[in-house]
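Listed next: structures, encoded as structure tokens.
Each of the next two complexes has subunit A plus one more chain, namely subunit B in the first and subunit C in the second.
Let's look at the complex of A and B:
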């Protein structure tokens, strides 16, 4: 240890180094989690121009389906998680075919109001049927790993791997597969794509199902880290909205990753340097500033 | 013959009067109890269920003063304006005889003036703010005397909440980190502890009641070398904080107060990561035989709702309504002034689920059972034991084990 001006610097420097490492590593984890939350929402708007405010509730529903399968029907964890993803896909299909499809050509405000109402309805159904108490989804992978003196749970590390793996898969899907190219064509110009023989409605359905799978996976990876309550639906929705607005509508998938990183680190640094109570406000500040000064987002092609 | 007929006629008239009296009592209007609470939250739902259980118990034993009890329920959604609107509807449209509920302190504070102005009984089922009793009853007894509670205020409850800290200090730990939610009810608690343990606190922070990630706060706890982490929340941070404390291997015991940790299924919910966590609860709704009423209530609750009581609020709400009913019986009427006088009697002597109420003190907090005046009536401090069962270590009357440092925390502290 070195003494300068009567102060011992060694432990203080170590403490600062540990804090910086903590901020960096947890920033990566929350970037991954926010990516998972935002992907489905961003995809649906990018392709079908649908601002789906039920997205958060779809994430939540995956958690509740998995919980009910594990505790109510004693299914194994693996099958319960698959059940959770299937549940979220079914729910988004019902919402799309039963409600959203009828308003596809309506103004965005109509879609916002419709999906906001549906989101509230879904939340109330959950409260009335399952109750407001905390529920849980078992951890997929237990234990922890120490990286540079920061202890991370293996569940968190799994979330990072899955999130970035999904980025790669989505990029490959849209660039290298026939269906992915067809969806991109519909996104760019629906009528021309139809003339080329692409069934736009079918592409929308595929996109909806992919969004449902992404939402389900997001919910099931996040639930063991946090807690499952009816409130998480709206909280996830705010996160998805903020990240998507910052990334920009119709922008590249990696744009969502960058935006998620900005939001995650803004929150963690706010908590660390200013006050933990202001952490959640950081996302709102980012959303407001983006809408005021760069409404098209960082990488977007269109405006909201 | 004539005398005989006269006798029969008098007896017949007597029977007729008796029957008329019964019929009159049966047809008397019900006694109305307003229930004003937030049903979408565990604490609020607990208070609502406590009131429901009380109404069921009262009506099941013939009603109150021979009259049926009727509950009128409003969901205030934890919104002060909704709570005030609900209070006004209960007072002036539904014309209730008393109002219960108020799990949230901020709602109790805003609704109390309305109820006191109408001179009706306010039966608090969970709010612990000292404002409505400790301050307002003391400052203006004449106006606020209609307020009663079975939930001791924060200053008194603090005595229970700090038992984990005191036990930790006795075990030789001496660096405290305070991680306390930013909410009205715990402001006095935070301020008091910052003064009381000033020379031992190495880190302190407040967090939002909706926070569910504590990675930064816990990293700071670790970095500062704390060996006692005082974590206080009634929000949703209870369960994720325990999981993070375990996953991040924070080398500090987890004490304080968490509503989530009161859940009988907490070891299952946290996948046993909570073993060693300390919290406090109303003992009577935790499966502990605090009074002869406790276990039967515990089992009846399970029968009615399909689960054992989770949030403490159901017990305090139940006992509050039942204590009020006891006061009504002593007074012989629902007249608020008469009931207040009856409830202030030194020999009030009501045996509740959470404890015995020998009397209500000058700020209308209960006293009795294992808790003296100024002590947190009904509260026990316990630690989740290795076998997933709670081990009560305070108060002495209900103690069944000592608080310990979890093995993995000891290992981390050696490193």
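Let's look at the complex of A and C:
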């Protein structure tokens, strides 16, 4: 007896509905995380025109610092998490003060070479000290919640809340506080900002520390829901860059959220339909299409 | 007249060095290890000077130079394994595939500043690495693809020397010609280049295609030499080594890049037992050179002697 194509039987239909829901919820999770990553990356890019290729590596090292503190030194999870964030802020401060700051006026190519070299060095040091194997970081909270028919771990829900919470805090910081406005002024025009009494150097330093915190938190949120390898530094870099150019520079903040959602859903659908290892391929296709057909990004102003 | 004499001189230098290199093998009694070392050094030189045409001359910083070589090598390997067609045709198809792969980074970068080229080249490398690991039946996964030896080692050794000499001479002539001027103009300032009538998109694409052409040839040569191609060709480290060699030797000078490639590839080989430390060392060497002597060994030497 031939089967009619297109008609789905009862259990199979449930299965498909569950899959669609899974994709939708996982999309929300990764949208939140990609927002965090892209914000951290684009902060320094916007304020100081520095393409910091070590950003992904800082996220990766935050994962590893937390892992080492929990499993190696038997610290409690809470302290390990704080340790992870402090570690990533220290790392980014070292990178900024020791290296990037000295080349701020150098050509873009030098800065790219410098940060690429540092990123590689960080990755190799991690491989040498911790090893290239996959690591598993314990979750911060246990248990799961069923939403519709999808079981989400509480950890994943916490990630979404923390990530979006940080983004909201960041927006408030930039819109409402004096320092946030000063940083935005430096972003728009450094010399005019200096004329009105803003210390640009100081603002760079604040920005870099915020970027460090964002990278650290992103790493800590990603670590429990994904296996951690030294490779993920580059993956995060590709994602951060894709979201940034898709959103466009100088665009509204919700533009970044929309761009993060597009990238996250494209990656998850690719992972579901083709292969999980190819999810960066989806990001890459988006990157290429954006650069070819809309180089200023979806919401960006001006030309790249 | 002066420039013509200078170019003749540099071509002769390349020729003499190549002949010297070719003589080394029979003198050493076709030492297996030495031939392998020199062949790989020649191929590195090709990769690095091709990278230099993009990065040093045009300002298109390519972190995925070996992409072209890898695509060409995988194509040739797949044809060798699955199809029975004449070998020259196989190589031609591999070459075309390698050149086409350069469009993947070249085309998206045409409308934006060259800075973005670097990030696209990162991404494309990662994607190809993943593709080779995902479709295991086709690309052999971690193990890659291997074929039986078809050309003798000696023959490939001479081929790589000839290829290197041809690449060096061609690129040297290109960068000293009007094309080279246009490329350097783009590197210095794209707006000015456009203003003086340089067709930026055309020249950028041209640089990409030329670079991919020689890199693919070297990739095919290397594939036949090893009889093997694996996913590590799309790894970050391989292409990153190309960048390091180019910068340390001196980006923006064909001979500097070649010097860096020759020296560092031999060291690379000797330090294979301590690969982890070597990788950290190379990465830090790049950082050091960028911060201290951004013109590399060749640039520093040149300015020293000019004083």
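In the analysis below, the second predicted complex is superposed on the first by the 276 of 304 C-alpha atoms of A that agree within 3 Å, B and C clash if a C-alpha of one lies under 4 Å from a C-alpha of the other, contacts with A are read in each partner's own complex, and residues count from 1 in each chain.
Basically, a contact is a pair of C-beta atoms (placed from the backbone, for glycine too) under 8 Å apart; a residue touches a chain by one contact, two chains touch by 3 or more.
If you're wondering where the values come from, they're calculated on a predicted model, not measured in any experiment.
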item: Simultaneous placement of subunit C and subunit B on subunit A, clash or fit; value: clash
item: Touching partner for A:142 - first (subunit B), second (subunit C), both, neither; value: first
item: Partner chain in contact with A:108 - subunit B first, subunit C second, else both or neither; value: second
item: Touching partner for A:235 - first (subunit B), second (subunit C), both, neither; value: both
item: First (subunit B), second (subunit C), both or neither touched by A:174; value: neither
item: First, second, both or neither for A:39, with subunit B first and subunit C second; value: neither
item: Which of subunit B and subunit C A:277 touches, first, second, both or neither; value: both
item: First, second, both or neither for A:30, with subunit B first and subunit C second; value: first
item: Touching partner for A:292 - first (subunit B), second (subunit C), both, neither; value: second
item: Which superposed partner A:127 touches (first subunit B, second subunit C, both, neither); value: both
item: Region of subunit C that runs into subunit B when the structures are aligned on their shared chain, from 99-107, 225-233, 243-251 or 279-287; value: 225-233
item: Those residues of subunit A which subunit B touches in one complex and subunit C touches in the other; value: 127, 235, 275, 277, 280
item: Subunit A contact footprint on subunit B (complex, rising order); value: 39-42, 45, 182, 205-208, 210-217, 219-220, 222-224, 236, 238-240, 243, 247-249, 260, 263, 268-271, 310
item: Contacting residues of subunit C [partner subunit A, same complex]; value: 55, 59, 61, 63, 104, 107-116, 118-120, 122-124, 126-127, 130-131, 133-134, 236-237, 240, 243-244, 247, 276-277, 279-280, 283-284, 286-287, 290-291, 294
item: Subunit C-facing residues of subunit A, complex; value: 51, 53, 99, 102-103, 106, 108-110, 112-114, 116-118, 120-121, 123-125, 127-128, 234-235, 237-238, 241-242, 245, 275, 277-278, 280-281, 283-284, 287-288, 291-292, 295, 303-304
item: Touching residues (chain side subunit A, partner subunit B) in the complex; value: 15, 18-19, 22-23, 26, 29-30, 127, 131-136, 138-139, 142, 144, 150-153, 155-156, 224-227, 229-231, 235, 268, 271-272, 275-277, 279-280
